[in-house]
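As written, the chain order gives the labels A, B, C, D and E, with residue 1 at the start of each chain.
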Amino acid sequence: MTGGAAHPTAAKATTITLAHWSSSPVELKGIRATINAFEKANPSIKVNEINLDPYPEGMLARFAARKPPDIFYVDSNVFPDWVSQGVLEPLDARMAAAHMSKKPFYPRLLDAFRYKGKLYGLPKDWSPLAMEANTKALAAAGVAAPKTWAGLTAAAKKLKAAGQPPVCLGVDLARILAFMYQNGGGFLNATKTKAIVNTSKNTAAVSTYINWIQSGLARTPAQLGMGWCGEALGKEKASIIFEGNWVTSYMHDTFPGVSWKTYPLIGAKAGNKYRGNLGFTASYSIAKDSKNKAAAFKMLQFLDGPVGQKVWISNVGYLPARSDVKPPAGRAVYLKEAPFTHPWQFAPGFSKVTDTANNELQAAFEGKETVDVALRNIQAAANAALGH
Amino acid sequence: MDDREAAPHIAPTERLARGEPPAVGTPIAAGVPGRGKGHLVGQLLLYGLLLAIAVFYLWPFYWTISTSLKTLPDSVKSLQLVPHHLTLKGYREAFTTGPFGRYFLNSAIFAITVTISNLFLCALGGYAFARLRFPLREPLFMLVLATLMIPDQMRLVPVFKLLADFPYTHWNMIATYQGYILIHLLYATNLFLMRQYFLTIPKDYEEAAKLDNAGFFKTYWRVMLPLAGPALAAITILSFQGTWNDFYWQLILLQDNSKFTLNIGIAQFASGGGFNTNWPALMAATTIAIAPVGLIYIFFQRYFIAGVTTAGVKG
Amino acid sequence: MAVATGRRRAPGRFQSVGSAKLREALVGYAFVIVPLAFFMLFFIFPIGYAMYISFFDWGILGKIGYVGTKNYRDLWHDHLFWTWPPRRGTAIWNTFYYTAIVVPAQMALGLALALAVNARIRGKSFFRAAFYFPSLTSSAAVTAIALFILNSGGLLNALLGKIEGHPVQTPWFAQSSTALESIMGLNIWTTSGTMMLFYLATLQSIPTDVYEAAAIDGTSRWRTFWKITFPLLKPGHFFVAVLSFIGCLKLFDQAFIISGGKGGPAYSTVTAVLYLYQTAIFDSHWGYAAAIGMVLFVIIFFFTLVQRLLFGRAEIGY
Amino acid sequence: MARVLFDHVTKRFDGTEAVKDFTVEVEDGEFLVLVGPSGCGKSTALRMLAGLEEVTDGRIIIGERVVNNVPAGARDVAMVFQSYALYPHMTVYDNLAFGLRNQHIPRKEVDRRVREAGEILDLAPLLKRKPKQLSGGQRQRVALGRAIVREPVAFLMDEPLSNLDAQLRVATRAEILKLQQRLDTTTIYVTHDQVEAMTMGDRIVVMNHGVLQQAGAPEELYTKPTNLFVAGFIGSPAMNLVPAEKLNGAGAGRIAGFRPEHVELGQRGGDAVQLTGRVEVREYLGDEQLVHLNVKDTPILAKLPIEERVSPGDEISLSIARDKIHLFDAETGERV
Amino acid sequence: MARVLFDHVTKRFDGTEAVKDFTVEVEDGEFLVLVGPSGCGKSTALRMLAGLEEVTDGRIIIGERVVNNVPAGARDVAMVFQSYALYPHMTVYDNLAFGLRNQHIPRKEVDRRVREAGEILDLAPLLKRKPKQLSGGQRQRVALGRAIVREPVAFLMDEPLSNLDAQLRVATRAEILKLQQRLDTTTIYVTHDQVEAMTMGDRIVVMNHGVLQQAGAPEELYTKPTNLFVAGFIGSPAMNLVPAEKLNGAGAGRIAGFRPEHVELGQRGGDAVQLTGRVEVREYLGDEQLVHLNVKDTPILAKLPIEERVSPGDEISLSIARDKIHLFDAETGERV
C-alpha cells in the first residue's frame, strides 16, 4: 500500500501489519508519513497499513479470528477490556532488552496502559480538555475568559444578556467527569476496585453542570442542532466550549474564518486544588498472537522514539507522549493541563457502564430523576461490572 | 410458516406477475343507484384526503432530494422548498469526505452477487423440491421452512463466531466480501417462493417434455425455467432490495470501512461519525441509497408488489 | 406387424424406468445439496451452537470457562434488560412498549390505506405506489431523513414554529421523552405501506358478489364494513399482526442509528436486539449475548404461537 | 309480487354498449328467461334491475315505481348469484337472517321466516353450518333460501345452476320450477344455455350484442325464429343454415334454415326439397344418429332414426318438408 | 402404428387402487374411447400407457414390446393433454419441432414434418405465433399438431376437447375423427362425456372405480348394457331405473330399466307394460319434450314427441314395449 520507497532488498523483508483509525484526512496523512519514515530507517521491514473503521469492533473481529495486526492503536478507554482478555503482548521485557527507557514518557499516560504491574502499550499522543471560546463573542459581551464555575455562570449570563451564543455542554460522562474531578470527586478508587460515584462532591459537580443547561445558560449540541460542540463553535452557535486539542486542526481546516482562542480548563474554584481534567490517549501495542513480534517491537520502538514522535506530531499537531519531544506551537495551554489530568479509562467490562452513566446523566438532565438517584444507579452499575 | 399459511398469498402474485388485473373485491361504492347524492362530494373529500396522505408519504423524499441540491447554509433554512442555489456540492462531498463512491460500489457488489446466487440456487432448489422425486424430500423441505422461524437476532452470536473463529474452519471472514455473501447465498423465502411457483405450473408441461424425449436438464432449462419467469423476476427484486437495504448483517459483519455499504456509511454519517451535520452531503448519500431500489420500483412495480406480497414472511 | 423393431428408434435417453428414477433422485439431491448445506450450517447448527456458547463465559479469544446457567441467572437479574415491575428504559420493556403502540397503529393505518386504495377511484395505482414507497427504502436512509427532518432546527420544528407562532427547538431524537416515540412514528410511517399491501391482497380476494349480495340485502355501508369486510379480512389481520409484531420485537436499525448504538438518550432506545448487539460486539461478552439471543428466540417464538392460537385458524373458504 | 318493466333501457360502459334500447315487460308471477351467448348483456340487464349497475338511459319499473334511483337494498328484489355469494363467515342461519336483520324485523319474525325457508328447502339440519361445510347443491339451496326469506317482489337469478354438475343441474332445474310455481313470484332467470332456457321459461327473451332479438314462448322461438341469430341459437344440434340456392337453385340473397331433425332419408311425398349428399361422419346418439353430410360442398347435419343404416362414404338422398324450411334475408338476417 | 394391449394392469396409489386388473386390447388403427365418471381411473390408465405413471401390476404391450420399463420418451406414443400443455414461451413452430429436435432428427426433416403438419391442420399462417396469441381452437390444433409431427405408433388423448366451448367442441370432434381416419393411427381417447364417447368411438370401454365395466361398439352399450352402471351412464337423458315390481307387480329383487325415449303415450298394442302417472314438470326440447312423471311415487322421465300436448297436473297413461325393458339383479347390478 504505502510502502513508499521500494527497496531492492525486499526479498528478505518481513512484512508487518499496522492497524489504526484516523478521524481526519490529516491524521491519515500523518500516519502514512510516519510509516514511510520507519520503512526508510528499517529497509528490512515492510509495513502493511490498515485503516479500520469502526475501530474497536474491527479489531475484536481480528483478535477473535486469531489473525490480528501485529501492531495497532489501543484507546485508553478500551484498554482494560482488551488487556484483560489477553490479546495484548507485555512490553517490559522487550523494552529492557532493547534498553528502551520509560523515563521520557509522561507517567500518567504510561499508567493508562499498565495492567497488573505490566506495561502493554506505549502512549502515542494525548490530549486533555481545555476551554475554547469565540473571542469576538466574549468581547461583545464584555467578559473575560472565566476561570471558575462561578466565573462561567457569570460570563454565560452576560453572553445571554448581550444576545451572544451560549455555552455548549454535552451531557456526556467524558466531559462531566472532568468537572467531578475538579470538585474533588471521581469515578473509581485508586486501585480501580470500587466505584466512588455516589458522593456529595460528585452530586454537586453534576448538579452544577446540569443546571447550566437547564437554566438556559448552556445548550446541548442536540438542542443547537449540531453534531458536537466543536461544530457549534465553528458555526458560531456557541461562544464557549470544552473540548480537546482536536478542535485546533478542525477549526483551522473547516472554519478558518472564526476567531477563537484556547484557554485553560476552568476549575471548581480558584486554585490548583480545584482543577481537574480528563486525558484522552491511545497507545501503540503489540498483539499476543502476532507472528512478527520482534519486527513489530522494532516499529513500536521507532514510533514511540523521539524520531517517530516528531514525524507524527509535526504532521498532526497533537501533543507528544514524550516529554523530550517539543509540542507543536500554540499548544502550551493543553500541555499545562498535564498535572491535573486523569486518564479517560476505567476497568474491564466498563463500556456498558459508560453507556449506563450517559443514560443516567441524560435522565437526570431531563429531570426524570434526581442527580442523586442517577449517581446511585451509576455506582451500582459500576460495582456490578467490578464484580461486587 | 407452513405451506397452508402462505398459500393464499400466492394467488395474487401470479395474477399480478402475469400482468392480469387484480381480482375485484372492491366494495361497490360508485356507479350504483342510490349512492348518487352526496357521492360527488364524498368522492372529492376522499380525493383530498388521499392526496394529503400521499403528500405526507412522499414529501420527505422530495425534501431529501431538494436538500441534497442545496448549499449548506440553505439546507438549514428550514422552509426553503426549492433550492435557491442549485449545487452538486453535496454529492461531491459525499463522494470525497465520506467515500460514498466506494460504499455505493460495495452495496452494488453485495446486492448483485447475492441476487445472482439466489436466482441460481433458489431456482434449482425450488424446482427440485417442487418437482423431482427423491427420498426425504418433504421432511427436508420442512426443515428449510422451519428456518424461517429462527430469528436473525438469535443467530448473531453463533454466525459471527462461525465466520470469525470457529475451531476447525478458521474462515476469518468478518469484514470480508465472502463472509457477508456466504451467509446470504439463499433466502429461505426465495426458495419457498420458487417452489410454490413451480408447484403452480401444471405438470402437463413436464410430461409433454418427457414425451418429447427431453431429459431432466433440458426439461428444467428449456421448459420449466422459462415458465418461471415471473417468479424469477420477483426473487431478483426481492434479493436485490433485501440486500441493498439490509442494515443488521452489514453492521455486524462488515467491521471495516473498506467494506462499508451505503447504509452503514449513512448510519455513521448520521449518528455523528462524520463529525459534522453536513445535511446536503448526508441527503445526497441518502438519495444515492434510495435511488436504485426506487427506480426498480417505478419501472417494475408489478413484479415488485407481487414479490413482496408473496414473500411477506420477510417483511 | 413387427413395428417395435421395424421402425427407426430414437435412442432412448435412459435404459429403463428404474434407472431413470434413480437418476431423478440423484439430480434432485444435486439440486438441493447446496441449499440444504447452507441452511444446516447457518440456521440449524447455530441454534445448538448459540445454546452451547450461552453456557460459557466466552470472550474475544473464545471460551474462558464453563459457567452453567450463570448467564441466564445474571440476565434474570439484569436491570438493564428487564425489571419487575415493568419500567421504561429496560431493553425488554422498551421493546414491548414500542410493540404495544406500533402494532395496532400499523394495522389500523394499513387497513385504512388499503380500503382507500381499494375504492373505485381513478389513480388508485398512483396512491398505492405512493403509500408503499417509504416501505421499500432502506432503514438507514429513512432514519437519516428522519434525523434531518426531526433535528432541533429541522423541518418539523419549523412547521410547528409556524403554527405555534414562536420558534420550536425540540430535539426529537435527543430527549428521552420523545426518542422512542419518534422512532414509532417513523416506523408506522414507513411500514404502513407494506401492511397496506397485505390487506389489499386479502381485500381483493373477497369476491365482489358478496358485497353485491349485501347491497341487495339492504346493508348500510357501516354495517357492510363491520359485518362483511372486517370479518372476511381475518386472514389479513392475522398475517399483518404476526408480521408487524415480529418486526417490532426485532427493532434495531433505527434505534442503533439515532443513538449511535448507545441506546440513548437515557436508555429510551435500548431495545432487546440493541442490547444483544452491545453485549456481543461492544463488550465481547459472547456467552452472555448468546443467552440473550436464546431468550429472544423463545419470546418471539412464544408470541407467534400465542397469536396463532388467539386468531385461530385463519382460513376462510369462499 | 309485481310486474317488472324495462323501458328502452340502455347501459354504456366506458366504450361499449352492453345493453341497447332494451324493452321487455315481465308479468306478475311470470318466469322469464333471459338467454343469449356470453357477453351479450344478460347479466348487465339483470344487474340494472337489481340496482347493482346504474341505468344509462331509459327507465326500469318495478310494480308502479320507477326504480332507476332506488338503491339495491330498497328495491325489494332478491338475487341468486352464479357463485351463490354466500357470506362465508356466517352460518346458514345467519346468511338467511342477515337481510332481514338489516330491515330491523323483530327477532321472532326473523326466526320464523328462516325456519320456514329452511323447511321448504330442506335446510333445517344445516342451519348451524358454515358455507364451506356444504356441498355444491346445498349451497345452491341456501342461496335460494336467502332469496325467499326476504319475500321479495321478484327473484333475479344469474346462471344459478352453472356451478353444479350435470346431474344435479337437471334435478335443481325441476326444483326451482316447482318452487316458483308454489310461491308464484315474478322470476327473471339468466342463462346462456338454450336448453335450460327452453325447458324452464314461461317466456324467453333472446339477446345478442345487447339487443333484444326475440321474446316469446319456447315453442314460438323454436318454430318461428324471427332472425338468423335466433334460428342458429335455439335448438341443439343447431339449425342447418345454407344459401337458399343450394336447396332449390333459386332464392339468391336468401338463407334457408332447417333443423337436423327435419331432414328425412330417401324420397318423400308432399311438398319437399330433395337433396343428395355424401356421409362424412356418423355420430351415434343411442336412439338416434347425427350424420354429417356433404351436400354440394356444404356441410349439412341430419338427425336420423337409428334404424337407418348409413356409413361414411355412402351417397344418400334426403328430403326436407318445405313447411319446415325457414327463409331469411342474407343481408339483414330477418325472417322473410 | 401398432396394437396396444393392457394385460391385467393394476395401478395402486398410496391407499387407492385407481385401476384394477384392467385388460383391453386395442387393434391397430382403432379409435378406442375410454369413458367413465370423474375419478374412475381413465387418465391413470392412459398415463400408464404413455409412461407417465408406473404400472403396479400386469403388463402393457405396444406393438410386440412390453413397455412397462420403457421410459415415456422412448415409447413412441404422442399425447394430447386436456390443457394442451403448449410451451408458452415457444412459437408454434418450436412447439412442434421441440420433440423432433430432441431426437436429433436432421433440421431439414424437422422442417418438412412441421410444415406438413401445419398444412394438414391449417396452422401454416400461425407458425410464428406464440400460444397465447392463439384462440382456444387454434391451440387445440397445435396440440394435435405436436402429436402428429412425431409420427407415433399411437395417439393418446386425455379429454382434449373439454377446454373448448360447446360449438367448437362439436366441430373439433368431427375434425379429430377425420384426421384419425386419414392417418389411420391407433388412438386412445379419454373422456367423461358419454355423448362424446358414443359419437366418436369405434369401440368404447366404460370404466367405473378403476374396473372395466363393458367394452364394445356404441350400439352394443346402448342396447345391451351389461350392468346397472353402464345402463345408467350411457344415454342422455339417463335410463329410468325402477324396482321391477313397480312395473308389473312382480320381479322382486330386480331393477327394471327403460329409456325415456322408449316410453310411449297412451295404450299400445303388442307386448307392453302399461302405467299411469301424473305430469309434474314438462321441459320443452324443440322437436321433443321431456316429461317428468310421478308413477306410484317413483319419478319417471319420458321423452315424448312434441305433438303430444301434456301439461303439469295431467294424469296420463303410458306404455313401454317389453323388449325395451332391461332387467338387472338389484344386488349384483348384473343384467339378467
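The definition used in the following text is that a contact is a pair of C-beta atoms (placed from the backbone, for glycine too) under 8 Å apart; a residue touches a chain by one contact, two chains touch by 3 or more.
Because the structure is predicted, anything quoted here is derived from the model rather than measured.
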Given subunit A and subunit B, the chains that contact each of them: C
Pair joined by the larger number of C-beta contacts - B-C, C-D: B-C
Identity of the chain that, by mean CA position, is farthest from subunit E: A
Interchain centroid distance [CA atoms averaged], subunit B/subunit C, Å: 14
Centre-to-centre distance between subunit D and subunit C (centres being mean Cα positions), rounded to whole Å: 53
Chain centre separation (subunit A, subunit C; CA means) in Å: 40
Centre-to-centre distance between subunit D and subunit A (centres being mean Cα positions), rounded to whole Å: 92
Touching two or more other chains - residue numbers and ranges from subunit B: 28, 31-32, 76, 161, 165, 213, 272, 277
Residues within subunit D bordering two or more other chains: 51-52, 71-74
Interface hub residues of subunit C, defined as touching at least two other chains: 10, 13, 61-62, 151, 153-154, 207, 212, 215, 281
Subunit C to subunit D touching residues, read off their complex: 207, 209-210, 212-220, 223, 227-228, 231-232, 234, 316-318
Parts of subunit B lying in touch with subunit E, wherever the complex brings them together: 202, 204-205, 207-214, 218, 222-223, 226-227, 229
Touch list for subunit E against partner subunit B, complex: 47, 50-52, 71-74, 77-79, 81-85, 87-89, 98-99, 102-103, 146, 150
Of all residues in subunit C, those that touch subunit A in their complex: 59-62, 80, 89, 151-154, 169, 171, 173-177, 262-267, 270, 278-279, 281-285
Contacting residues of subunit B [partner subunit A, same complex]: 76, 161, 164-165, 170-172, 174-175, 255-258, 260, 268, 272, 274-277
